[in-house]
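Shared between the two complexes below is chain A, which pairs with chain B and chain C, respectively.
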Partner chain A sequence: MTPYQQIWTIARLELGRVFFSKRSFWVYILAIFPSIIFLGHALEAGLKKRNWSADRVTSAATLNQVQTGMTDDQVLALAGKPISDVTRKRRIRRDDEDPDAEKQPEVRRYVMYFDGKKRVDLRFEDGKLVARNTHELMNFEDDRRVYATMFQFFYLRLGIFFGCLGIFINLFRGEMLDRSLHFWFLAPVKREVLLLGKYLAGLIAASLIFGTGALLSFLAMALPHDPTEVAAFWQTIGPGHAFWYVAAAGLGCVGYGSVFLAAGLLLRNPILPAIVMLIWESINGFLPDVMQKLSVLHYLQSLCPVPVPLPNDMPAVLKMLLAPAAPSSIPVAVLGLLAVTALVLFAAMQSVKRLEINYGTE
Partner chain B sequence: MAVYRRGYQRYDGPTTSHFARLMVMPRFSWERILGQRFVVILLVVSLFWPMLCAGFIYLSNHSELWQGFGGGIKKFLAINGNFFSIFMNVQSTFALILASVAGPGLIAPDLANNALPLYFSRPLTRWDYILSRMIVLLGILSLVTILPGMLLFGMQASIAGGDWFVHNWFLGTGIFIGFTLYIAMISLVAMASSAYVKWRVVAGALVLAFFFLLAGAAEMVNSIFRVDWASALNPTYAINAVWKGLLDVEIADDKPGAWECATVILGLSGGLLALLARKLRAVEVVK
Partner chain C sequence: MSAPEIVFDNVSKFYGEVLGVNRVDLHIPPGITSLVGPNGSGKTTLMNLMTGLIHPNAGVIQVRGISPYAPEKLMRILGYATQYDAGPRGATGYEFVHTGLVLFGFPKAECERRAWQAIERVGLTAAAKRKVAGYSKGMRQRIRLAQAIAHDPEVLILDEPLNGLDPLVRAETIALFRDYAAGGRHVILSSHVLQEVDVFSDQVILIANGMIVAEGQIKSVREEIHEHPSQFLLHCRDASRVASLLFAEPHISEIKLAPEGAGLLVLTRNREAFAAALERIALSGIDIDGVIPTDENVDALYEYLIGGGK
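Up next, the complex of A and B:
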């Protein structure tokens, strides 16, 4: 048997364990969770539109007459019954000797109207209209931006990170805890071959699970929108976007997988590098340019087709400190990730060659 | 009595007090946990922020040091609920990391090595076992949360005088109750993870995943549905909101309030306790 055949045989044997173990259930949940939420959103938007359209539509022309400075009674008289009406009174705080506290309004009222396509949010303070915002019930461009944010902040940073942690640490450390690693070491294969076989199994499983999850959620995001708009999207940039999201998910598994496989081999408690890596990836945007490039996330974000805007509610000080590095070009991002992975796997191979099993200390 | 007639007899001699029995496990566990180098490093690192806060309190109470900096500085240096809320936020991160390192080793080895029958054959109920394991974490985590928090409050009260204390005593109780609630919550998460996966290493990852994934999922629901109520499902936000309620700090109107968040935390804790009660049994049927 050639080493390649051996690698494939080991990967095949491991694949069943990775795909069908009890713990993989949580990885599946992680991967399909965004799809479920996007489907829920589609359902919710459909129901809302049906309910609001039934009896509470206010014409756009009427809503255009609503101006800042009008009283709530005037607005209600003009536009009729809203779809939502919430009033909140200011709490009297213990430290209200603060002179600024008196400037705060006593009563805030939030009123919403629906014109058949858009929702109009009105905010009254002490009976006067101070803010008016309009939202489309379903906005494809908005949803694509939300998807991009979800993909970068939830899927890459958390979903794939913890999913790979679960899958790849299990490959060696899990066997040690189960006291079954010596069976693999008794087989007539080189340990490097064993490591590559196990890595391949983890990689196939993780990429398939998270790649499918990314694609499903992308489809679920597009599902409830206007079919003409969606068709136009699929004929132009849609397939490219879908491809790069799936590719980023797959490459995320390549990068994080190699790191966690090596951590499982090199350290008795792989949680410590996981914590360090989680913190490193979280503070990535605040680091200098050169250091940002020493993270898996930087390369993965470079592959994402839609840039993510900064959150509106981010404190000004943090916004000031945040300085995301310019994204790397696609070849650099892909090659950079693969080079880092090769380096980490090489270190893991050196470690597995020297590995001595001592189950007693686990 | 003939030897063959000596069957099992329950011990009916004198026993130690209930409290002494509860403290047996913490005594041994504290020694073991504090022997870990990483825990000690973390404990030391987690003291930097309280020291900075102590410096801030000193500066705030010595107006002669910042005379001529304009009116805005007085507001910036005010020691109020906001100050303690920020302090608690930072310290809670250290507490979480500490819980993910120290917590999983409490129950997982007992389950993995079938040691529970040995515990439960002694005068120790399941709830005693859970409580004594929680005491272990309470002891360790209070070193980075309650203790520095109360010291800072005491420092401010002693420098600012009795009048400040009379008007701000609720900050002290807020810090104490808030941190106690937080410790109870993360201890339950750590113990439930430990009992659920039985592997110390995986349990540690699960503790982190619990907090980070729920936070991410809550934000995701908020942004996809364009709502704010899902923040209550984020344990970190929920406990922060409860702290703000206790410290009388304003919460944004459109976000879930302290009571809603307290209800979510209670529900979550109930679920975790139920999981623990299900997993911690003296006898386990292996199919």
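Up next, the complex of A and C:
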């Protein structure tokens, strides 16, 4: 039996335990959470559309004729019954010492129309239209940016991070707690081979769980939109975006998996490596270039196809924390991540050779 | 061809500041060797050191010429039944044994054949398809034994293997050890059941507080303990006369009448001189029906060596 066959055999034997471990059941919740959010968003938009369409749809051409300065009676006469109409009167308090109080309108009226795709919000003050805003019920462009934000800030930083913590740290530490690690140590395999077999099992499970989660949430984000728009997206950049999100999720498992596997060999308490790693990944933007290359998140963010939109007025410190300081090219990001992983796995191999079974005193 | 001994060369193991074993020098030949000692004496530590589950702080260990740091080689010739259940969660007895064999790289059919053979050998064929979690303590002992012997190792190490076994199964298991050791293999086990160890062991290693107190065949170990007199039971009709003759011998330290007139309990510091004295008494016409050594067992050795720690 070659070492490669042994690695595969160990991974095969471990897979069931990794997939169905009670300790890491919550990993599935992390993986499907974004899909649930986007499905919920699509469901909410669909319900709103159905309700508003049933209530009243005003043509876009009619709504385009509505101009600021028109009175509420004129607008209602032109556009007909709105889907929502709320009036608020200003409260006048005797002890009101606000010098500007007299300048504020007595009555505010908020009226909403729906043209079948967009919602038009109109704001009247003392009977005159002063503001008009249009919102698309489902905006593909916006949703893709929301997805990018969710993917980088939740999925990579928290979902995959803590998911890998749950899966990989238990590969050795969990077996020590279950008093079953000696089963592997008594097999005729090198410890390094055992480590790689277990890592492969964790990697297959984590990649499948989080890769599928990324793809499902991407589909949940994209599919509820206008079919023409979605078809055009899939014929152009869509497959590339889906691929890189799934690849970033998979490579996230590669990187974080190696780190937490090594941590499981060295430390008893999984909270410590999680906190240290989380801090390291968070402050990475402040570190010199060389140090940034030792971060998993740095490479993963470089792989994401859509940059996260950060508001211009965001404080510089916060911007530095949230955005990669100098994104690497895709080949550099992939190779860099694999190099970091190889380095960590090499250190883990040295550690596992010295690892001892010590469930307690005899 | 691997060297046929298990060698500990000045091996020490500490768990932090707690002593595991200290400066152990051992040469364990093939056959059944029992590690005997009270709880915490270092028996399991010795076994774990042999199998590479823990590593020594000092010294070198060789198991038939193989270092415990090379599990890929060592585990091909070694089977270890620990005190813990280990294996896939929810596995049946058959799966428990079979899974271990898969890692040896045997073909599928060979894995199945060996698994069934080992299970049959420990008498668990009927229960093989039941989950290990539902096994009794004795059945778990036996399935662990099956897993340890399934790849037919040259060295079989068993931690407290007789715990929880009923008398019949215990006898069968001991027979299996004897059978296994008869082929020039090592069978090393730890036990608190001193009488059983005494009966079937080829050699014993007495251990206390992490140190080897004595090692070797029970009889030869006993002979090395010069500071303690040997004890014999003499079956004879004229006990008082024999006693008076023996009292004249300088090597005799104590003589007592055995209970219920069974003869005399004699303590001597020189076994050869005692044998010569008995020969002289017999030649003088006094009948001596039998001479039985009463302290050539592990209990007695243990009592002498580590002060009744059984």
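Convention: the second predicted complex is superposed on the first by the 257 of 362 C-alpha atoms of A that agree within 3 Å, B and C clash if a C-alpha of one lies under 4 Å from a C-alpha of the other, contacts with A are read in each partner's own complex, and residues count from 1 in each chain.
Following the convention adopted for this analysis, a residue touches a chain if its C-beta (ideal position, glycine included) is under 8 Å from a C-beta of that chain, and two chains touch if they have at least 3 such contacts.
This structure is a prediction, so every number in the text was calculated from the model and none was measured.
Who touches more of chain A, chain B or chain C?
B
Applying the document's definition of touch, where does A:191 land relative to chain B and chain C: first, second, both, or neither?
second
Pick one for A:182: touches chain B only (first), chain C only (second), both, or neither.
A:182 sits against chain C, while chain B stays out of touch.
Contacts for A:244 in the overlay, against chain B (first) and chain C (second): which applies, first, second, both or neither?
After superposing on A, A:244 lies clear of both chain B and chain C.
For A:357 in the superposed arrangement: first (chain B), second (chain C), both or neither?
In the superposition, A:357 touches chain C alone.
Quick check on the superposed pair: does A:19 touch chain B, chain C, both, or neither? Answer first, second, both or neither.
Neither partner.
Check whether A:5 is in contact with chain B, with chain C, with both or with neither, and answer first, second, both or neither.
In the superposed model, A:5 contacts chain C only, not chain B.
Please report the chain A residues shared by its interface with chain B and its interface with chain C.
none
Going by the contact rule at the top, pick out the chain A residues touching chain B in the complex.
23, 30, 33-34, 37-38, 40-41, 44, 88, 91, 93-95, 98, 108, 110, 135, 146, 149-150, 153-154, 157-159, 162, 165-166, 169-170, 173-174, 177, 269-272, 274-275, 278
Within the complex, which stretch of chain C touches chain A?
15, 39-40, 42-45, 48, 51-55, 69, 71-76, 78-80, 82, 84-89, 99-100, 102-105
Would you pull the chain A residues touching chain C in the complex into a rising list?
Within the complex, chain A contacts chain C at residues 1, 5-6, 9-10, 13, 16-17, 178-183, 185-191, 193, 353-354, 356-359, 361-362.
Could you please specify the touching residues of chain B with respect to chain A in the complex?
For this pair, the touching residues of chain B are 38, 75, 80-81, 97, 100-101, 167, 170, 197, 199-202, 204-205, 208-209, 212-213, 216-217, 219-221, 223-226, 248, 250, 253-254.
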